[in-house]
Amino acid sequence: MTWLTSSIMARRGVSQSIEGEKHFLSEETQGQFHYVYGPYADPVMHIAPGDIVVVETLDAFGGAVKTENDLPSKVLNMPFVNPQNGPITVKGAQKGDVLAVYIESLLPRGAQPAGTTALIPDFGGLAASSLTHLNGPIAERVKKMEVTPNGIKFSEQITLPYEPFVGTMGVSPEIEAVSSLVPDYYGGNMDLPDVAPGSAIYFPVQREGAYFFIGDCHGRQGDGELCGVAVEIPATVTLRIDLIKNWTIPGVRIETENFIMSVGSARPMEDAARMAYRDLVRWMVQDYGFAEDEAYFLATQAGKMRVGNMVDPKYSLGASMLKKYLV
Amino acid sequence: MTWLTSSIMARRGVSQSIEGEKHFLSEETQGQFHYVYGPYADPVMHIAPGDIVVVETLDAFGGAVKTENDLPSKVLNMPFVNPQNGPITVKGAQKGDVLAVYIESLLPRGAQPAGTTALIPDFGGLAASSLTHLNGPIAERVKKMEVTPNGIKFSEQITLPYEPFVGTMGVSPEIEAVSSLVPDYYGGNMDLPDVAPGSAIYFPVQREGAYFFIGDCHGRQGDGELCGVAVEIPATVTLRIDLIKNWTIPGVRIETENFIMSVGSARPMEDAARMAYRDLVRWMVQDYGFAEDEAYFLATQAGKMRVGNMVDPKYSLGASMLKKYLV
Amino acid sequence: MTWLTSSIMARRGVSQSIEGEKHFLSEETQGQFHYVYGPYADPVMHIAPGDIVVVETLDAFGGAVKTENDLPSKVLNMPFVNPQNGPITVKGAQKGDVLAVYIESLLPRGAQPAGTTALIPDFGGLAASSLTHLNGPIAERVKKMEVTPNGIKFSEQITLPYEPFVGTMGVSPEIEAVSSLVPDYYGGNMDLPDVAPGSAIYFPVQREGAYFFIGDCHGRQGDGELCGVAVEIPATVTLRIDLIKNWTIPGVRIETENFIMSVGSARPMEDAARMAYRDLVRWMVQDYGFAEDEAYFLATQAGKMRVGNMVDPKYSLGASMLKKYLV
Amino acid sequence: MTWLTSSIMARRGVSQSIEGEKHFLSEETQGQFHYVYGPYADPVMHIAPGDIVVVETLDAFGGAVKTENDLPSKVLNMPFVNPQNGPITVKGAQKGDVLAVYIESLLPRGAQPAGTTALIPDFGGLAASSLTHLNGPIAERVKKMEVTPNGIKFSEQITLPYEPFVGTMGVSPEIEAVSSLVPDYYGGNMDLPDVAPGSAIYFPVQREGAYFFIGDCHGRQGDGELCGVAVEIPATVTLRIDLIKNWTIPGVRIETENFIMSVGSARPMEDAARMAYRDLVRWMVQDYGFAEDEAYFLATQAGKMRVGNMVDPKYSLGASMLKKYLV
């Protein structure tokens, strides 16, 4: 956590305490899970900046898809999908602040096979929707996979690396309560693999206490989350949550030891790409002293673009720059 | 070239000759450069499958931007930009075949600094166009950079790796002659960094002789080619060009030692993403024995997406899968 | 109201009463206005199917733009814009029902000039946003216009017809509370000129009581609401609100004496267009006996498309068919 | 033709001759039809500004779909669809001029039923494409309709008005040769119902002689040409073709007795909408003396938007303003 404490925390003037109080938000403590990011639910926990929170999340199906025979169209009850833990309030958080969430670890929990993916009617990057097209649906299907920190058993022949991340995380909008299936400036269902252990995620606080939510962990995912369903797992996530005053950000930003990333969530996809790069340029100008045209040039020649999801109500893309070029 | 000869060439049944005749297409031999991908220009060279071609390309400005004072709006004469070498005809190529172009090397040529990038009015990923918006333009600017195989001197502080690739390459459409600024199923201005030394690029032949074009080399580029102008260089490119019979592909595909990639070029960007992944699934099914839903699942969990360009008349994205998972 | 009573009400089996109780929801009775469409606010009024409601709405600025010197960037306080009357609960309304809202009249109220339009930074169909572009903003400006039922005085030379409609209207989502700036399947900020006196608007009820909201009246508007701000007026709207059981609709539908219309709200715009036409085809099949391909053909040859807004978070388009062809 | 001669011709300083020479371009004279808009074909006719041309066009299928049993996937040979008459050269036309084409009449020709529409695999506004989606295709089908100036017999019950227009018309690009299925700044396959008898269509000339093409006549069409195939007819079209010097336009414009319209062709659809309205504002400023913000306001309150096609490689939309407001 050297880069985090020395670079981010010190620079942002956050609390000097390396580690605050430790909280445990178990599935039982959570009790009722939530399906919107909003200010209307009662907080389930109150913490202080610098505290550690260990959270037990459900998978995106709320555990309802237990076997490969549990078809989503049968066992899911819209809009009650993608259950979220929270809201957690952070002491002192005000509109205009930044909530910095550092992901320390993410481990699968529950009986094996814990990983679930599925083809769901009217959903997915290569599936036409009955709201826009006349074509018949593609066949529904559930696929279960064993998930351990040693790997994800996709098939007898193929084992994929365990590269877990949090699919849905963020703060509450000020007055809206938005489905946990949607990503936007406040975070939410970004389905972006960089929201992973080792990353600090910065969220623009919209209301007093921040109202932090988290859920929808993934054992791994390819770029774009093509069929709309990653390797969905119930998980135990350990977070260090901090507060940064006097830093205004228009949307979600991410920092790791090696790079900074701005996230854009929008449709069509080019608007998400523009939002991500536009904010990366803004960040390079405001915090790293670049002239705007030089930042634009450097992003052109050295920027990286991650396609997080191409399936959710808004697509999420992340534009990043290696820190070694921020000189 | 082991993977190429053993895997691709043998598998596709291409000519067994490891190396054919070697041709040199100098700037002088080319004479008149071309600004469309089409069947109406006279071929500048005839080759046989397996031949090597060394080509001297101009930069995207045709060399007209000699200093940082040569503003594109002054020195360019639309639509005569992005000059292309070719057309080169390939003996025996017929509509329905695949032209396989392996890039052996790409070196900058000309006096230093050879690299040019620019902010051009009404163009670029973060610049509003006067065709769609009322806002005033962003300031025009040219930036020159020294480019050698050892690196690209972006500024006094920042040297970027030399990671060259071909911005524009492909075969002629059957009856259309399309601006060299446009990418599509036949190739063209994809501005995709994977079209690089070490890659084999597969193009669907549309007419007898294939009519191959190439130009627009880049010293490097970030994902998306954000401002619309990469590190543009005149270059010497060495290609091995081969022909594959009995392989039908709907658009451009790429293969390296480690992965296969399908390219989609379209607007909006999500359509390019869908085209790329849709063809990757098709390829996995047709050539690697996957069931369609399994290919769709694997692409979801392990696919990679490269944003080539987010600035050209069509956006180009590449969806890829590591070969180690094609089992 | 002959077509309404004979055609719609009878056909749908709604209450036979021609006119129910009459309610008046004045600005004072409303008290606190709302800025989200959601289930979390306390109802301001309870009515029964067939009742008449007269509502006093504020303009989209909540009256804060009193003169041409009151620039929106100074006097508005995001996200507290586009204030809504409601929620009104409708007795017996359940998820899966349809709320039928017939607009009897819409009159401007307040001191003249009551009509306001404006150019707002980062907003509007031809204005680049600082979230996606680097260009500087276009100049902010407010324009006031006198609005009476006899016409809208756009300038000394130009008087436009008074063709009023309701910009924002709909029912609450089941668990979401969405900004009143957003249109979607439940209605909201569609900014569609067909939501006008003489039209019946059908909304899919999402929760018990329906929770009806209304606001944002316009003296008139061109297709697309180009700059994002129509002729905004405070208004008195007279509605007849009815309930239809046993009719499932996926989104907003409209009926007048002469045509039926399905509304799609989405980005990119082609998805809104597809959603609108897709549902029109569904409606023609389900309620008018067309074979699906014949409905698709007839929509191709005789469908009309209204671009409601091309500026809101989702674009709203309406696809319509003349009733005389529904035979 | 009063408004045309007095308003347009006089104002633009075009030739004073009311009627020039009359030419007849029969199917036989045309001989070989063309499938691209480009400068590479030999002109079939030379005319002078002010001349009348009567053209016999083929339908979009080149007559290959003779009965309802001739499925497009069987009888069509891509890319040889949408055959065009021309190119016709216009004496004195230079790059930068405007070609003004007034449509005097459009009559169906050939044996009845002359009208053809069809559902074609992978094509149409509500049909998923196998290039982007995994869903199976919708069923292919051809529907024939009798077309006379008295009406179009859609079915036994439904007769639609004969409201003919030209689907594809324009001038050649300077160096490109683009498929006749594509619309763009030079015209082409706009499929816009306002390109009809009584309209003057203005095209920006790109090369000496203009190289005018025409084809793809429709007996009528709904907004958007939903399934991608209008009431396709072979036709006899009477045009008056004129030349306007010293008028620079960035794309296609249309004028009738009552309104002016700017056309935008692009993807996504909102970009076509923006292009259309952006040029309408430009036109109002340059030719009618509006301040830019006033033109933007008036377009917001009184502009009309026609969705021409939502199915071609670029979508075409037309933004219009009544002439009575251009004061």
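Order of writing sets the labels: A, B, C and D. Residues in every chain begin at 1.
One rule holds for everything that comes next: contacts are C-beta pairs under 8 Å (C-beta built on N, C-alpha and C of every residue); 3 or more make two chains touch, one makes a residue touch a chain.
All values reported here derive from a predicted model rather than from experimental measurement.
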*Return the chains common to the contact lists of chain B and chain D.*
A, C
*From chain B, which chain is the farthest off, judged by mean CA positions?*
C
*asked:* C-D versus A-D: which interface comes out with more C-beta contact pairs?
replied: C-D
*Can you check how far apart chain A and chain D are, centre to centre, with Cα atoms defining each centre and the answer in Å?*
48
_Distance between the centres, which are taken as Cα means, of chain D and chain C, whole angstrom_ = 34
_Interface hub residues of chain B, defined as touching at least two other chains_ = 126, 132-134, 138, 267-268, 274, 278, 281, 296
_Quick check: in the complex, which residue numbers of chain C touch chain B?_
126-128, 132-138, 268
*Would you pull the chain D residues touching chain C in the complex into a rising list?*
117, 119, 124-126, 139, 141, 143, 152, 154-155, 157-158, 160, 220-231, 267-270, 273-274, 277-278, 281, 293-294, 296-305, 307, 310, 315, 317, 319, 325, 327
*Enumerate the contact residues on chain B facing chain D in the complex.*
35-36, 38, 40, 79-80, 130-134, 174-179, 250, 266-268, 271, 274-275, 278-279, 281, 292, 296
